[in-house]
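Both of the next two complexes hold chain A, though its partner changes from chain B to chain C.
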Partner chain A sequence: MISVKNLYHSYSNDEKYAVKDVSFEITEGEVFGFLGPSGAGKSTTQGILTGLLQLQKGDVTVAGYDIKHIKNEMFNKIGMSFEQSNVYSKMTGKENLEFYRKLFDVKTRDPQELLELVGLGDKGDIKAGEYSKGMKHRLTFARSMINNPTLWFLDEPTTGLDPSIASEIKSIIKEKNREGVTIFLTTHNMFIADELCDRVGFIVDGEIKLIDSPKNLKLQYGEKFVDVEYVDGKEAKKESLSFMEKEDIGRLKEILDSYEIRTMHTKEATLEEIFIKVTGRELV
Partner chain B sequence: MNRKILAVFLRDMRVSTRDFVALYIIVFPVLFSIAINLFVPGINDSTVNIAMLEGDNPEHVGYFRDYAVVELFETADDVRRRVEKRDNIIGILPGSKDYYIFAQGNEPEGLVDYVKTLRAYEFFGVTAEDTRVEFSDFGNTIPPIKKLMVNVAIMLSSVLGGMLIALNIVEEKVDNTISAVNVTPLSRGGYILGKSIIGILVPVVGTITMLVLTGFSNVNMFQMLMMLLATSIISILVGFIEGINNSDVMEAAGNIKILFLPLMGSVAGAELLSDKWQKFFYPIPFYWTYKANDMILSRSGTWGKISLYTAFVVAISAVVFAIIAPKIRKGLEH
Partner chain C sequence: MKLWHSFVKELQLSSKSWYFYIEVGMAVVLLLILLVAVPKETDSRTDEYLYAGDIPSDYVDLIYRGLLDDEDEDSEYERVEIKVGGDLFGADLFVTDTRNIYFVDDREAVLRLAKEDKEVGIEIIPASDGGLDYLYYLQGYESQKLKNLYMVLQNNKVNYKFVERHMDRQTVETIEKDPFVLNNRENIVPVFLTYNGSLMGLFIIAAYIFLDKKEGIAMAYAVTASKVWHYLMSKIGVMMVTTISTGLILVIPVMGARANYPLLLLLVVTTAFAFSSLGLLVTTYYRDMMQSFGAFFIIIVAMILPNVSYFAPSWEPSWIKYFPTYHILEGFKEAISIGGSAGYVVFVSIGFLAAGLLLFLFANYRFKKTLTI
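== the complex of A and B ==
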């Protein structure tokens, strides 16, 4: 569905690359998570894949189209949910969707149905300018589905949404994937990536550090951790220690000897912990 | 028209009617026509001006008074001097056998015909009661000030069309929606075309409205439309560039005003300056538009002349287009 080979991009048209020698493949029906800290080059890569940014160097095909000679008809197959919601504030939610659907050549979905899907069913006649930030974000998300895309780009689809709505968005994404939609998900939320993605790619400073499935990563890097909660004097304290590190094991012994233990759980390393371990960078 | 392009236009139109400034621009021609009709005498008030001798036959003078505004002068030389002034006034002086009519040469043909006809009717003793012909149908009885104002308003409506485009582009920029449109099958060219329609259609409808309401409905509408379309090119280009360069609605509207200077300058130049200064206005498209509109409104524009002036406007606009079109494309990338 997507093939990227040796992609470079520089906003200043020089050697200062925002994206450097990036290569990856995404197969049909896959959910691919593109993970990295702020400024890593996620949106830049996505911008090139969707034709919003000019391809400078590298070979990119998207949904069977060569991005070097982009064809407008390609967009009939693509949906794009933007990180920053971008809807017409002087038009109502429904008008926004009604307008947008007219720009496609393929069968489109009913605006009201889409609004209901994202919990805006009764807000369709309100101007989008009067929407809250989260509502605008949901409208942007709903809009990206209007042409029944087979390839769906999602840039931070749940960021800034309250947990219950975020979980609804997640279930919509899962449902779409079950229907066979290929999904390119950009995020720095590791929990969402872990939950939704078949494979993830870690990108830092414009370079891909690793691509694998969350499951494999956990097997490979998944040393056991123990969360221990204990009482030091009157204070309750909590520490997370690895079974694999000598220092941590010593510390664990020390705690067991000296304090009253409240709870103690073993757990797998999270994707976030693996990311930090692999890249040496926090996901901020 | 392509369905997608139409959708872009209809969206702009709908949003424009919700914006105070944009709505004002759209209804401007109607407001202007009402104002012009209130303050400038209408077409049916006979404002054919005739200069005659004070000592002339009172019956003769009285006949013309019924159908025109008559100014009396002491000597034939005074009459002559009066006729030579800029405005349109026709002299009637007694000759050896008959009265003779004389004009400066720059008066609309219709006006001279009208006075000739009046004289002929007087000679044969025809009065308004004897004929079903409306005298006002004959000549061009439109006062020059009215013609000038309508002319300026037509050009203004084209500039305002450009302003509408700018307002709509600024809106897309503020809402950051251009990138959303860019990931649809609508081509960049189609988008630009769709955005341009409002800048053509609003001036066209506005101009026709204005012509009808101010009594110019009998002009050659095809000539008028040809001239208007040519003039709109420059307004559209400036509209796009100002929309792209400004991120605030009022700022964009304010910057469009840079077009008012060459517009009003051309009018002033064409009307007030002597021949040797005229060439300095040749590079300004509004200069040619003004001159062409003036002929069309006087119903004295030949297709040859109007086409030539249209060609001048298009040629100048093409140069402007070559300079700023790449900037417009670039500016709409995100």
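== the complex of A and C ==
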């Protein structure tokens, strides 16, 4: 669905690249997470894939279209939800969706149905300018579905939303993916990436450091621990022991044989910990 | 259809924006200025203040009779009072076709009028040869040419009769018989149409575009299956509607049914198109309104220059005709004048349409690269 080969981009048209030699492929029906801190090159890459930025160097194919020669019909297949809400504030939520649906050549979704899907069913006749930040974000998210896209670009889809709404948004994303929609998710939220993505790519300073599935990454880089709380005499004690170290395994056996166990939890490495381990950078 | 939907949406949005009402409000203000502050015909007569108290009354009678015979034989003079500072002075007023001549009773009035009101004061005094001399109280900045002229006309330093005979021998041919002349009020309409109409699109459209960029709306539009030129043309369409509306607000009350409205609208639409396209092109080189302000300022100041030659036809260097606004002003003048040259208006309109198309194509090319930056 998406093929990127040796992509470079410079905003100053010199050797200072915001994106350097980026290559990856995304297959149909996949949820691909593009992860990195602010300024890593996520938005630049996404901008090129969606035609918002001109392709300078490299080969990019999106939904079967060569990005060097973008055709408007490509956008009939694409949906784009922006991180910053960008709706017409002087139009109502419904008017916003009604207008955008007329800009596509394919069958579009009913605006009211979309508004209800994102929890704005009773707010459709209110001007978008009067919406809260979260409501505008949901309207932007709903608009990205208006043309039934087969390739969906989501830029920080749950940022600024309260947990219950964020959960609903994640459910919608999962449902669309089950319907076969390919999803390109840009985020710095590792929990969402871990929950939604089939594969993730780590990008730092414009370069992709690693691409794999969250599961494989955890297997490869994650160190499994067990947190055990036990009673030694009258005193409660806690220890964190690795499953990978022989010495720790022996100690765990000793605790299990000798003491009364209060609690015991296994703990996997998080994507964030793996990201820091691989890139040496934190996700800020 | 996408273009139509975009246009309708832009119309709805502009009807909810300040820019639209500022333009309409400005047109109403300009109309009020035209109707209230600009007289149809300007009184171009000059005021002259004379004191002839030191010459014998017979001479004064002769001067009075001479004035009535020469310039205004059907009229009498009237007795008036003129106010200088806080004081009133009596005077005999002669109103001729070209002058209001006050013969004041008191020399002080002439002196104070010259000093306090910056008027031309003249004192008629007996000359040593038995005739009359004219003593002028001027302001000091008058040119030597004017002073010489006074000497020629009044003080017999040259043979005025000779000059008069020479002038009488000159042949004046009228090229156009009974030309239609716009009155003062009507003559200003082309200026307002040009600057509050045609040129308005230049920076209002830039304001619309920069606002869309700032709010990210341009980006949202860019990821739809609609073309960039639809987006741009819908904005231009709004500018055309606004320009037509403001133009008609100005023209209908002043010109009534006398203007050639099809021609007028043709010129309004094509010039609005050309300048809106120019505005679009300028925006592609800047990130926001502040950055682009310098460029717009230079363009607008340059476009105002032909206004000078419009009101002062004696100053019309050949290069001024290279400024588009020169032809817009003349075109509007033709369109609202009875018997105006339709050919000229159509020719100018075709020129602006062609220029607008070229500018629009280039702006569209540039926008494909810069709309989302």
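The criterion applied here is as follows: the second predicted complex is superposed on the first by the 242 of 284 C-alpha atoms of A that agree within 3 Å, B and C clash if a C-alpha of one lies under 4 Å from a C-alpha of the other, contacts with A are read in each partner's own complex, and residues count from 1 in each chain.
We take it that a contact is a pair of C-beta atoms (placed from the backbone, for glycine too) under 8 Å apart; a residue touches a chain by one contact, two chains touch by 3 or more.
Because the structure is predicted, anything quoted here is derived from the model rather than measured.
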Fit-or-clash call for chain B and chain C when the two complexes are aligned on chain A: clash
First, second, both or neither for A:Y88, with chain B first and chain C second: both
First (chain B), second (chain C), both or neither touched by A:D227: neither
Partner chain(s) touched by A:E179 [first = chain B, second = chain C, both, neither]: neither
Touched partner set for A:E113, first chain B, second chain C, both or neither: neither
Chain B versus chain C as contact partner of A:D125, first or second or both or neither: neither
Clash-bearing segment of chain B, relative to chain C, as chosen among 19-27, 55-63 or 127-135: 19-27
Chain B and chain C footprints on chain A, overlapping residues: 50-52, 54, 72-76, 78, 80, 82, 84, 86-91, 99-100, 102-105, 140, 143, 147
Touch list for chain A against partner chain B, complex: 50-52, 54, 72-76, 78, 80, 82, 84, 86-91, 95, 99-100, 102-105, 140, 143, 147
Complex contact set, residues of chain B against chain A: 3-4, 7, 11, 14-15, 18-19, 171-172, 174-177, 179-187, 333-334
Complex contacts: residues of chain A adjacent to chain C: 47, 50-54, 72-76, 78, 80, 82, 84-91, 99-100, 102-106, 140, 143, 147
In the complex, chain C residues that touch chain A: 1-2, 5-6, 9, 12-13, 16-17, 215-217, 219-227, 369, 372-373
